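First the structure, which I've put down as structure tokens, then a few questions once you've had a look.
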């Protein structure tokens, strides 16, 4: 039976260190939520707070209809899969899975039935009598998940479950987890630092940074409409390119931004922008087009030309299906802060270009992101603003 | 590394170091082995001599340094066992075990409990207490001897085994607690967190999860305490006055106190038997000793 | 990790009780006793406070001075020798030798058994007038030595007894040596370091924590040696092996001078404490810790 999870103004302090700063969050029953962010952002702490392994300094935690803030972990209806699996080494897989149920005093036949069922779902049936040390990494992980399933919890908590697996296995297990979620229909809260896992698995992503929630929403929502520079730079690989500049002029349907490499015309509503304001232009690698003398090339996303910037080819990383082109920008203004090369992703190969060759990059004006001086995204219309609303923060 | 200039003399120069090196690699191990074997022999000789002496008739004991008895006999063992006192070594052995067994059991239980408290709980003044724990290892016990004796006298425990094992129930030997703490800390707490989520209170976690996992450390503690207690002399000397309560260590001492000529073959026979339990335990559980020592020292 | 502080205290409580009862209380009582003239058979009411007179008497006592001197000689000889020997053998053992376990066992065994009365008894036998050592000397054509009866050699037998038990220190050194990564030796070889330089510049510095640990443990133990003098020589001849722990024991339980014995025991305690403290302080200058040491929790 899947339950909702709600956090109300939860704070966690360790001594003077604020690990979690006033987080409020709502997760629907059956949702697959992913807490993602760099190390130290507080995502694991948040998970442990929900589990009850830590007590919040302030705020309350609700699972289903119940306020579980002061309830013992074993009474919260949760099950947790630890990063290191935390299997009991002296017990077999079956005993590991049965342990929690035995402590609860469940009857042996009932325990055996539940263990068998969970083992069946995870294809662990042949491994039930083995001890953890006789299992491979992937098998151990399944055993850890099995231990969680057997409890039939209201909420599953998973703490970086894929980080101890090798790359090949990771992809495979990711798919299995997605399937498991579909099959069980359970509420799952998943913590990771890997944005690929977040993008592919989540129904809802919670991006965290420095103890705060930066943005909450569906993966593509966050990808296409990031609320701030951090979220924009965190999701997507290679990272979004950020170009510093200032607003040159504002018109009804156009904004001209002066970059170090020259002015760029963007077709967007300039409401809310002030001339001279410092802004950051964000362009994803696939939203550039490379124009070299004489030939036009399609960028990965296609689209019209809205502004062009000039640069030199620094490096071309040819991956086969696509090429990552590093372009060093010309700066018309002598800037003490040199800009890092812009990375452009194009389909196929980049024909003949020696390092140093001149390139022109076209920006698709509808695919740009504009961020104000505080790093917050500039939203265009009231309608779009509503859907891109930031979560309520206390 | 010297760069050798490429010229004719190279051939000669290269050959000389090579053969010297080869000599060194052969000499090295050979030298090592001979030193080790010679030393090993010297080290073990007193023990071998003791065993040999146990099997010799008394008049042969001082007649030579050879190990093989000319007239092997178990007379020394038989007479030695009966001893010249009113008790036999059966009594003395049983006394020893009546001291050692409770001591080991109490040490293990108290050390594990206290170590668990130190390793997994946020205690007020934990640092200070742990420092005190380590200090007890270095503390010269001789300064505590007299007051402890007086204390037990007031309790009426003199001439009983109580003063010898009751203090072990209080984890006063910091070395053991330290050993277990270090071992516990080498395991991340996630396993125990999983058990908490499974519904265990701390005692259940300790019993079901922690104890099975730290079993090697527990065995090391038990073994060390067993060995040390078997060898304990000062404790029994201080607290036990009736010969009927003597453990083997005291019984051995009085066997060489006799004013008439000592029947050395009997004494050696009894010494051998006294050491036998320790030696057997050591051979079967060597691994735990070595690991225990290194865990306590190198990682400490 | 567990949030229930009360439970934590409960787990540690045996230690807390033991600390108070069997350590702190006797510790302070011993100090108190040293300022009294309490004799073992007295009633408590018969004890008088005598200030520092026990200490004064102690310093003037010829027997005490001799015992102190003997103890210092004993410690100064056994500790460095034992450590050096243990290190040497550990070094010799620390190669991929076949049978390393056998040798390690052979050397470690004496230290397991060595503290026992049985071994002390055997020692008396080995060094007796016509014992093993003298028999061997005779065979080799040397004169016999009255090991146990001659004041100039009796202490030597006790020293040898302790040195014979170098195995435990050796095992610790061996573990320390095996903890030194092989790469460092290879790097040194590439740098052209010969065996002595490798030892003194690579091995030894990395071993200093272990050396330190062993030094402290061995020193504290050496100062408290009791079984050897008591069983093998009885403290004689002419008190030439009358180490301080033995003197403390005899003063308290043979001569019943509890107050006096307490004073001596406190003197010994302070002596050991000072040496330990100096050693700890000196760490900064010669002990090299490769990683950050995990201090007490």
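Lettered A, B and C in written order, each chain numbered from 1.
The rule is short, and it goes like this: contacts are C-beta pairs under 8 Å (C-beta built on N, C-alpha and C of every residue); 3 or more make two chains touch, one makes a residue touch a chain.
Computed from a predicted structure; not experimentally measured.
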{"item": "Furthest chain, CA centroid comparison against chain A", "value": "C"}
{"item": "Chain with minimal offset from the mean of all protein Cα atoms", "value": "B"}
{"item": "Separation of mean Cα positions, chain C and chain B [Å, integer]", "value": "15"}
{"item": "Between chain B and chain A, distance of the C-alpha-averaged centres to the nearest whole Å", "value": "56"}
{"item": "Between chain A and chain C, centroid-to-centroid distance (C-alpha), Å", "value": "61"}
{"item": "Residue numbers of chain C (touch at least two other chains)", "value": "3"}
{"item": "Multi-partner residues of chain B (each touching 2 or more other chains)", "value": "193, 196"}
{"item": "Parts of chain B lying in touch with chain C, wherever the complex brings them together", "value": "1-2, 29, 32-33, 35-36, 39-40, 43-47, 49-50, 53, 62, 64-65, 110, 113-114, 116-124, 126-127, 129-134, 136, 138-151, 167, 169-172, 177, 185, 189, 192-193, 196, 202, 227-228, 230-231, 233-234, 238, 248-250, 252-253, 255-256, 264, 267-268, 270-272, 274-275, 278-279, 282-283, 286, 289-290, 293-294, 297-298, 300"}
{"item": "Complex interface listing, chain A residues touching chain B", "value": "51-53, 73-75, 78-80, 82-84, 86-90, 99-100, 103-104, 147, 151"}
{"item": "Sites on chain B touched by chain A in the complex", "value": "188, 190-191, 193-200, 204, 208-209, 212-213"}
{"item": "Residues on chain C engaged by chain B in the complex (per definition of touch)", "value": "1-5, 7-12, 14-19, 21-23, 25-27, 29-30, 33, 89, 92-93, 95, 97, 101, 103-110, 112-113, 115-119, 121-126, 128, 130-132, 135-136, 139, 164, 168, 171-172, 175-176, 179, 190-192, 209-210, 213-214, 216-217, 220, 223-224, 226-227, 230-231, 244-245, 248-249, 252-253, 258, 261-262, 265-266, 268-269, 272, 276, 295-297"}
